[in-house]
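Consider the two complexes below, in which chain A is the common component and chain B and chain C are the respective partners.
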Partner chain A sequence: MWRYLIPIGLFGALLAFFYLGLGRDQQTLPSPLIGKPAPAFELPRVDDPSRTVSSQEFAGRPYLLNVWGTWCPGCRQEHDVLLDIARRTVVPIIGLDWKDDLELAQRWLRELGDPYAVTAFDSEGRVAIDWGVYGAPETFLVDAAGRIVHKHVGPLTIDIWEEEFMPKIAATGSANE
Partner chain B sequence: MSAELGHFALILAFCLTLPQAFFGLAGAAWRRPQWMALSRRAAAGHFVFMAVAFACLSYVFYVNDFSVLYVAHNSNSELPTFYRFAAVWGAHEGSLMLWLLLQSLWTLAVVAFSRSLPVTLTARVLGVLALLSAGFALFTLMTSNPFERLWPAAMEGRDLNPLLQDPGLVVHPPMQYTGYVGMSVPFAFAVAAMLEGKLDSLWARWVRPWATAAWVFLTIGITLGSWWAYYELGWGGWWFWDPVENASFMPWLIGAALIHSLAATEKRGLFKSWTLLLAISGFSLSVLGTFLVRSGIIESVHAFANDPERGMFILIFLGCCSGAALALYAWRAPLFRSSAGFAPVSRESFLLLNNVLLVAATLLILLGTLYPMFLDALNLGRISVGPPYFTLAFMIPMLPLAFLLAPGMHASWKRASFERHKKLLAILLALAALLALLVPTLVYGWRSVLTVVGLTAALWIVLSSLIEPIERLRKGHSLSAGVLGMCVAHLGVGLFIVGAVTVESWSQEKDISLSPGESAEVAGFRFDMVGLRNVSGPNYEAVESEIAISRDGEQVAVVRPQKRTYRVQTMPMTEAGIDNDWNRHLLVSMGEPLGDGAWSLRLQYKPMVRFIWLGAFVMAFGGVIAIFDRRYRQRVRSEATSPAAADASTA
Partner chain C sequence: MRLLLAALFLAVCMHDAHAIDAAPAFDDPALQARYERLTHELRCLQCRSETIADSNASLAADLRRQTRELIAAGKSDAEILQFMQDRYGDYVLYSPPLAPRTWLLWAAPIALLAGGMAAAVVVIARKSRLPDTDPNDPGLGGS
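Coming up: the complex of A and B.
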């Protein structure tokens, strides 16, 4: 008699799982690099390609690495947010200009404003691969010890900055410039 | 204006499902012929308005009205007219319109072809179908309205995804959806039977052609999808065990089980519970598939939409329709116990094994598809499940099933003695094994024991499928459509297995960089890169390379693969150059330019790959033949009549 209830019982369990699954954010791709040392890089600077910028220059203090490109609409969206964050001078923002055109990038920063302490020009995308970049825009938080503590995929908003990044910055022993 | 007309027509179509449902179900419950007749009229009206709505949507695509949001997202002024029609179902909202249209068409078909069925049964079926249409229409109107306006209108559209700009796209989704939606008919019949409290051989006979028809469309849809992916993506793969592919394959497996289970229910009143559950599961899996690819719950290249809100709606819908059906089952199934028995070796036992193995395969595929989601929901991490699992999981039940096919076809009801065919089947098995061992080894070289085993099963199926037709024709007996259809369909299964096993065992490929003037060799064929040139298409720019293929110095073919960049979406697309012959394909696809005119190319040799799709189409053809068996078109004289015994021994 009770065995006729088995199908609907199993089905109910399946539905429950789906319900749980819906609530989860499929977009958060956990970065395998969280907690690991940030990959070192040395790249030409966007503002002056004859000079280079290297990750060594920022050793010893926390910073944000923001991956962007002039071809990326989400980056245009978050640009004003970045300017806002830069104005608050909590941590420096390093830009990683990914697979872009140098002239377009320079014009972008000139016309829209430059929230970055310095922008590295990753034309071939090798550094992005090292950092496990999924797509632009993507922002990494590196702590004073040089470890990646947090990653956010997609355009930043002030809410994400305040809820996800600020607590982690405070936790690593905050740094004012 | 057309968009608003279409929107209004859609609303009216939704409204008409309500009387269709009410008068159908209440009319049957309270035995009111006029109400039941009204239900049929409502169904016809619903179809008319759905057709108008769909026509309006097609029209706004035809004229490229970019003030309609959906058109702006999926069309472009440079998009060829042909693909503008295909763009109607190229994304989520439009695909729902297609679903609704097809649901209304299947409903209309039930109205048209149910003259010989009892009125109350038909009325209940229409009632259930109306509820399904209502659910989907509500979903469309509330969360996925294709008629939404964009103001100010876009200057230009975002263009149809280049992957979808192909003749295959025009045919594959409609066929696929016809199959998915078609599974709702046996579902409705099952619910109707449970509501009526009556499930007998007659019911099974009426449902069989509907189940077969839905299954046929699923077969065609899946085959076209596989074929299209093969030549469009150019990687030489024909099945990737992608969640969406699995979502289409599971209803197909269940549909196949259902058709066979119905045979036992029709002939001997057995397996009623199986049949009910299979009918319910078939459609549930169709809706589940819809849920999976639109809710964002599973990552897939195929995923239509990534919207938890829509996902919730479909989840609720799935819960309601399948939950209600399963609740009905829990209530009514005890009524449907059958008392007939059968010997351990009999047609019935083969069919039972068939049910078990097909359902096992389906559950294993379902497990693999949902496993990542389960783990994630339980916070156990993120993994992905791919071909290594699926291939193994699928083979485990399917290999035994392949060997059961040949004897199963010739087993008689109640007790199978195989008197007539024992010797013949044994001889054919030996012959199949011999051919499977010698022929491929001589042509391609030794591969593995599994390969020989697979080919043996395939050839045994092919040979034994021919026994019945040949015997009957020789004796001058007539061959009913049902029996012929069965033999043809099983023959198709054999051909399919031949193709699949050969391709997976002996295909060769090479990734290599070639410049004009250079050549490479694969499987005894020489591929010469003759030259490169730029080509302009209606909405794309391409680099085309000319590859001359020769064997032993003689030219075999010239193929022209392209690497296209579509102007609007700037997506690079590979068009493979394929030379096809009955027993092999040669594919060339272009990778990346490496500078100085050199390109990375993938060269592939695919032996017997055509048999994969040929076998599948033959399967579908067999199903079509079976649908036209005369006994499905006989009028019911009285409900007490037992099924005609003309072909009692088989089918």
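Coming up: the complex of A and C.
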């Protein structure tokens, strides 16, 4: 009799796997860069392409790196959240404008407000490759030691900011305020 | 209608056979072959079920350019795959690496096949030992 229970048991196990699979986030890929030094870069600035911005400038304090583009609907969606985060001045936000049009990017910041301490213009997407970016918006948290401690893929919300980012910023023990 | 379907099928095949970039990446056939092979081993992370060789996504185009440049810079195939894996993780590789965390993944098909065969052997062996008592079976049960 017990042997008839085997297929039922296996079926139950399969169902359990399927059920767990349903709840899993299939879109977000784990970044191999977590815990690794943030890739260095030097790029033209969106506000003034004749000047460059280097990742060296942010060394020694935590910062956010937010990857965006004017072609990216999710970036428009999270823009007000970024403005809100910028107003809280916990960490500076560095923009990485990814494969974009310079004039459109400048207009975007002028019209929607500029949450970024500075925005780097990555027109060829090379820096984005170094950071393992696969879809904007993406937001990285870099600690004072220059290591990537967290990555969020997709539009930020204030809830995500408070639940995922703030504890990690507090944990680095070097938040500015 | 059948002709139309055949023509459509052919068109799809031919489309597939074409490289996605207008010009080949390298004039040297050996380098071009390496480029083809590498771009077919790397996944486009924007579209997930396409290789960067087949995908029109902008990220795939950037990664093709990156592959081309790394080959031109004299990097080995292993170094290029490692470059991508360092940035995008195992997922960028179409065949996952054999590592302790992927043993189950690699062993599962073999284990399932072995399990199924073992079960089949047991069932067949048991069945063949039983006397044939099925009155509806006119075959071997004659004796």
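Please note the rule applied: the second predicted complex is superposed on the first by the 175 of 177 C-alpha atoms of A that agree within 3 Å, B and C clash if a C-alpha of one lies under 4 Å from a C-alpha of the other, contacts with A are read in each partner's own complex, and residues count from 1 in each chain.
Rule of thumb we're sticking to: a residue touches a chain if its C-beta (ideal position, glycine included) is under 8 Å from a C-beta of that chain, and two chains touch if they have at least 3 such contacts.
Please read these numbers as outputs of a predicted model, since none were measured by experiment.
Q: Would you sort A:134 into first (chain B), second (chain C), both or neither based on which partner it touches?
A: Only chain C is touched by A:134; chain B is not.
Q: In the overlaid three-chain picture, which partner chain does A:125 touch, first (chain B) or second (chain C), both, or neither?
A: Touch status of A:125: second partner only.
Q: Go through the superposed model and pick first if A:34 touches only chain B, second if only chain C, both, or neither.
A: Neither chain B nor chain C is touched by A:34.
Q: Can A:19 be said to touch chain B (first), chain C (second), both, or neither?
A: The first partner, chain B, only.
Q: Is A:145 in contact with chain B, with chain C, with both, or with neither (first, second, both, neither)?
A: Neither: A:145 stays clear of chain B and chain C.
Q: Looking at the overlay, does A:99 come into contact with chain B only (first), chain C only (second), both, or neither?
A: A:99 contacts chain C only, not chain B.
Q: Looking at the overlay, what does A:153 touch: chain B (first), chain C (second), both, or neither?
A: neither
Q: Touching A:117 in the superposition: chain B (first), chain C (second), both, neither?
A: Once the two structures are laid over each other on A, A:117 reaches no partner at all.
Q: Same chain A residues contacting chain B and chain C, which ones?
A: 30
Q: With touch defined as at the start, can you tell me which chain A residues reach chain B in the complex?
A: Chain A residues touching chain B: 1, 4-5, 7-8, 11-12, 15, 17-24, 26-27, 30.
Q: Which of the residues in chain B end up touching chain A in this complex?
A: Interface residues on the chain B side: 277, 280, 284, 291, 295-299, 306, 308, 311-312, 315, 318-319, 322-323, 326-327, 329-330, 333-334, 370, 373-374, 376-377, 382.
Q: Enumerate the contact residues on chain A facing chain C in the complex.
A: For this pair, the touching residues of chain A are 29-33, 99, 124-126, 128-132, 134-135.
Q: Quick check on the complex: what are the chain C residues that touch chain A?
A: By the definition above, chain C touches chain A via 45-46, 58-59, 62-63, 66, 85-89, 91.
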